[in-house]
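Presented sequentially are two complexes of chain A, the first with chain B as partner and the second with chain C.
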Partner chain A sequence: MTAFRALLRRELWSFAISPFSWVLIGFWMLLNGLFFSILLRSADVQSNLGMLPTYLFGSGGLLAFLLLPVIPPLLTLRLFAEEHRLGTLEPLLTAPISDAAVVLAKYVAACLFFLVFWLGVLALFVLLQFYDAPLDWPRILSAFSGALLASALFLAVGLWTSSWGGNLILAAAGGAGVNYMLLFLPAMFSGGTGRTAAVARAMNIPQMLEVGFAAGLIDSYAVLYFPLLALLFLYLTWMRLVSRRWVP
Partner chain B sequence: MIAKRRLRLGLLSLAAAAGGVVLIMILLQAFSRPALRWRVDLSSGGTAALSDRTAEALAALPEGSEAVAFLFQEERRLEENGSAVYATAFGRLRTLLEDARIRSRGRLGVTVVGVRSSPVEQQAQLQRSRRQPLETLILTTPGGGRRALRFHELFVTSDPTPEGMPARILQERVDTALGDAALRLANQTAPRAGIVGGYGQPAESELMGLLQLLHGEGIDPVSIRGPASDKDFDLLVVVGQQRQFLETDAQAARAWVNAGRPLFLVLGPRAPQAVVDFWNGILEPDHGLRFGAGVVCDARPQAKVYEGTNLVASLELTAAQFATQHPATAHLAESTRLQGVIFCRPIELAGGGVDFARTALASSGARAWADLDQDFAVGPQERRGRQILAASAERWEAADPALSGRVVAYGSPEGLIRYLPLARDFIAPLFRWLLRIETPMGLVAVESLPFRPARAEQIRMTNIAVIAMPGLPLMIALLVFLRRRR
Partner chain C sequence: MIETTCLSKRYGALLALDEVSLRVEAGEILGFLGPNGAGKSTTLRILSGFMPPTSGSASIDGLDLLRESLKARQRIGYLPENFVAPQEMRVVEYLRFRGRLKGLSRRAARQRVTEIGERLGLGERMRQTFGALSKGFRQRVGLADALLADPPALLLDEPFGGLDPLQRQEFRDFLRDLAKVGKAVLFSSHVLPEVEEIADRVAILHQGRLQVDGTIEELGKRAHEEAPVQFRTEGDPVVLEQLLAQDLLPEEASSLKREGPFLTVLPASAERRQFLFRWLAAQEQEISEYRTLAPTLDDLFRSSTA
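Our next item is the complex of A and B:
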């Protein structure tokens, strides 16, 4: 546990002192701020501010479709891929700490640091509140909880692709690619009828975000879906680390 | 030897990974079963989810039932001036239909067809569900049952104004409409309203709006020549009767009311006195309702409606003019939507038995009068005062709920013919109350949160969101970078 905490602290600190992390946050906030400003000027949102969470967090939004699948793998790419490239992974894996604790510490650190990204988006709503905008806060918080769960999943995917090897581009592009597949593949097949469509509907993340969380409706399945899938990718990451000993 | 071991271990790790994937998929499949799901509605007002009544009705549908939503923007007025009506409505529909799919316990398949759906999919669904223009939601059952709900049956909207205000959603009734449609499809039966048409009443073509309203409320209208008809019906509807009943029909009408069966009676100022006397003779002794004389008029100088013109016979009813305690009008007493009543005969609460409760459902303003000489001005015989436009009566207690003597008397046949859209939200619940479709009208106020910041405020917010807020982490990045270089 002490080793886990030490590793978690180390990872958090390395995020905090990495200029790349802060540039990512700046880029994230710039695009979100732009999208937010454009939305605020649209007649739809000015007529009913209740539409803002749906547009921002729901399907079709810049946040869900462009930023959310891409930014987490960029943040996590250094967690294993860079260590592999710099040759610091071997000493870490031979240190007196289990592989599972290594994976978990890196993942928890990434999740905690990603909260800073979301605090930036929350600040936009606080800004609106400052201008006396009528906000439906329970619904906004529900939308945020969906976005947090989705980002936890995408971070786990990023961690997994980062464990593939020392190639940073492969880690980032692979992570974004898998995230886009998770987003779009089920949505593509969920329109029809039959077993495939039913399975696709059960995995339709944009649908969960838009008609669930962003509408203020929290579904137990959606609450379990993201952590279970994140757990799967953490397990795959662990498997990759373990198998490195067998198949380098 | 080592290579063989590596291959074996590699395959083992692949198998373990595949096992993990399969396990998670099985778990997800299990948790996606409707029986294992619970939902929490965090929206303000708790309107993001369907009511339990509707969820139960959906769960009672036959297996293989389908709901197809056509999210097409068909009315231009709902798009003018940058209106968010369609965006809000379609968002609500998507949310509620997903809730319906889950809470129907797998009995209801939901398909959403929008402008972004492929043309092939659109065409297939249009043909399969035999969609007519303006139909937004169509429910079908494997046995051939079909219920179509139009946009205006799901959402109550205001009109855009020439001053540039966009149309708004005032209220929605998706939940109730969906629940009613499901109940009707599940039971394969609907209450029937017998509409008397043999005594100078308006032709069926004139009553088209009323017939559509009844269909929309899940009630089957049945045309009958008179109350003595051998057709089966649950509610007797008499609108604008112009001739006296033949003896058999008169007896049947009397027997119907005396048995305590429901009646919706609409007699206007042009009804012959003999007809009015006949119905007063039936309704006054027990129910305590009678049709008065004249036309209810009310001048509204602020709207340039002055005495002496027939415009005073068109009345505008605000929330304060509806009964707050009656289930059929309570929703209007809390609403901001105006209702219109045209050329209305006054109703009086007079006499009646002690076992009947009477309610003035809608009344005029306090300065109205019943115009007797058709000069549309207050004459010496005409006194100003609140006039009752519609009233109801029912037994306090009834052994059989279906025979509780529910009667609604209304003085404006015109209000059911040409001017029905002005009082739709008033009329529809009356039928539901008479037929003991006890749920309230189901109108849910849609919370609209308008926010129109001034230009200067908008620029300031943009500057903060686009320059100041992203600038802060970029500054930190620069500082960290410089420090690390040192």
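Our next item is the complex of A and C:
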């Protein structure tokens, strides 16, 4: 546990002092801020402020779809790929810490840091509250939870692609590619009938975010779907480390 | 303490290690020699738990590196070749983090980092970032890292690389002190005099195979026993050569060489060496010089890796 906490602290510290992390946060906040101000001027939102969570945290806005699959792999690429490239992975993996603890510490650090991204968006709602806007907070928080769960999944994917090796471009592009597939492939096949369509519907992330979380409905299936899928990618990451150590 | 048994490692078609068996006892320093690509770093990486062997086994303090990797790694201090720490981290922060990673409490990590930093002369460098350090100080940080948890086994890959002569001397003294307190030290090096000076035993690896393994004394004795004998006669060397050839064993006779007034021969055994000495003494010719052409460790290294 001491080793886990030490690694978690170091990873959080590394995120906090990395200029790249702050460039990402700045980019994220700039785009979300612009999007927020445009939305506030739109007639749809002015007539119904309840649409805001759907746009900012769910699939209602194109922005979340464009940014969300890309930013997590850009954030996680340093966790293994950059360590591999710089040569700092060898001291880490020869230290007396289990591979599972290494994966978990890095993942939890990435999740905690990514929380800052979403808290920035949530702050926009808090700002709006100061102007006495009639906001539906349970719905906002529900949409916020959905965004966090989806982000946790995309971060797990990013961590997995980061463990592929020392190629940063491959880590980032691979992570974004897998995330886009998770986001759009099920949606593409979910129309119609048959087993494929049923499976695709069960994996339809935009549907879960829009109809579920952003609408204020927290579905237990969706609450389990994201962590379980994230767990699968964490397992794949762990396998990657384990195979490096065990497979001749 | 540190042991490998028939350790082999294959990278595709390349056999990097071929059944290497080594043993380093507590309190012993083993110098691991070999040219580039001989398999030294591969052996150390396997022993550090970073990569698995293709076959064979490696253990630290009786703990198998594959089956009990975590426990074995708790007993290792490992300095990789080209040690690197995060560039932006201050040395003191990095070492405290490593101490915590190795299971030390916060207080113990702080205390140990201070002790080791002082012992290794890191001084003001402790406040600098790793990226701002010279190669020599980076090596010291790497060694400090390896020593933090006071492990019984130390694996040091080219620890003298990038050090100036003064730093090397300090490093050598430090390694000797570590062995005195019971640490098993396995270090690889290209610097033969350093190995000769501090190692209790030497292992020479070439093309993945262990060519030589023994204590400095054993190697010296073996080198002496297997060395040719050269002598100079004041009389006619041609006559002496003819006489000597009659009394030598066939394999010795084939090694007999004459160079000016010098005759050189390789005795077949220690007894034959004594026989040769007696034979020369019994001759009625004045022998003005007699010497054993014992190879140095450098010669041994060259002949083993030729």
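Methods note: the second predicted complex is superposed on the first by the 242 of 248 C-alpha atoms of A that agree within 3 Å, B and C clash if a C-alpha of one lies under 4 Å from a C-alpha of the other, contacts with A are read in each partner's own complex, and residues count from 1 in each chain.
As a working rule, a contact is a pair of C-beta atoms (placed from the backbone, for glycine too) under 8 Å apart; a residue touches a chain by one contact, two chains touch by 3 or more.
Quick caveat: nothing in here was measured; it's all calculated off a predicted structure.
Student: One more residue to check, A:Gln46. First (chain B), second (chain C), both or neither?
Tutor: first
Student: For A:Arg5, using the defined touch cut-off, is the partner it touches chain B, chain C, both, or neither? Pick first, second, both or neither.
Tutor: second
Student: With both structures superposed, pick whichever of chain B and chain C touches the larger number of chain A residues.
Tutor: Here the partner covering more residues of chain A is B.
Student: Would you sort A:Ala202 into first (chain B), second (chain C), both or neither based on which partner it touches?
Tutor: It touches chain B, and chain C stays clear.
Student: Would you check which partner chain A:Ile17 touches, where first means chain B only, second means chain C only, and both and neither mean what they say?
Tutor: both
Student: Do chain B and chain C touch any of the same residues on chain A, and if so, which?
Tutor: In the superposed arrangement, which is not itself an observed complex, chain A uses residues 17-18, 246-247 for both chain B and chain C.
Student: Per the contact definition, I'd like the list of chain B residues that touch chain A in the complex.
Tutor: Of all residues in chain B, those touching chain A are 5-6, 9-10, 12-13, 16-17, 20-21, 24, 27-29, 31-32, 36-44, 48-49, 81-84, 87-88, 91, 94-95, 98-99, 102, 109, 111, 117, 121, 166, 168, 447-453, 457-458, 461-462, 464-466, 469-474, 476-478, 480-481, 484.
Student: Going by the contact rule at the top, pick out the chain A residues touching chain C in the complex.
Tutor: Residues of chain A touching chain C: 2-3, 5-7, 9-10, 14, 17-18, 86-88, 90-98, 244-248.
Student: Where on chain A does chain B make contact in their complex?
Tutor: Contact set of chain A toward chain B: 17-23, 25-27, 29-30, 32-34, 36-37, 40-51, 54, 58, 120, 123-124, 127-128, 131, 133-136, 138-139, 141-142, 191, 193, 199, 202-203, 207, 210-212, 215-221, 224-225, 228-229, 231-232, 235-236, 239, 242-243, 246-247.
Student: Quick check on the complex: what are the chain C residues that touch chain A?
Tutor: 9-10, 45, 48-55, 66, 69-71, 73-74, 76, 78, 80, 82-88, 97-98, 100-105, 145, 149
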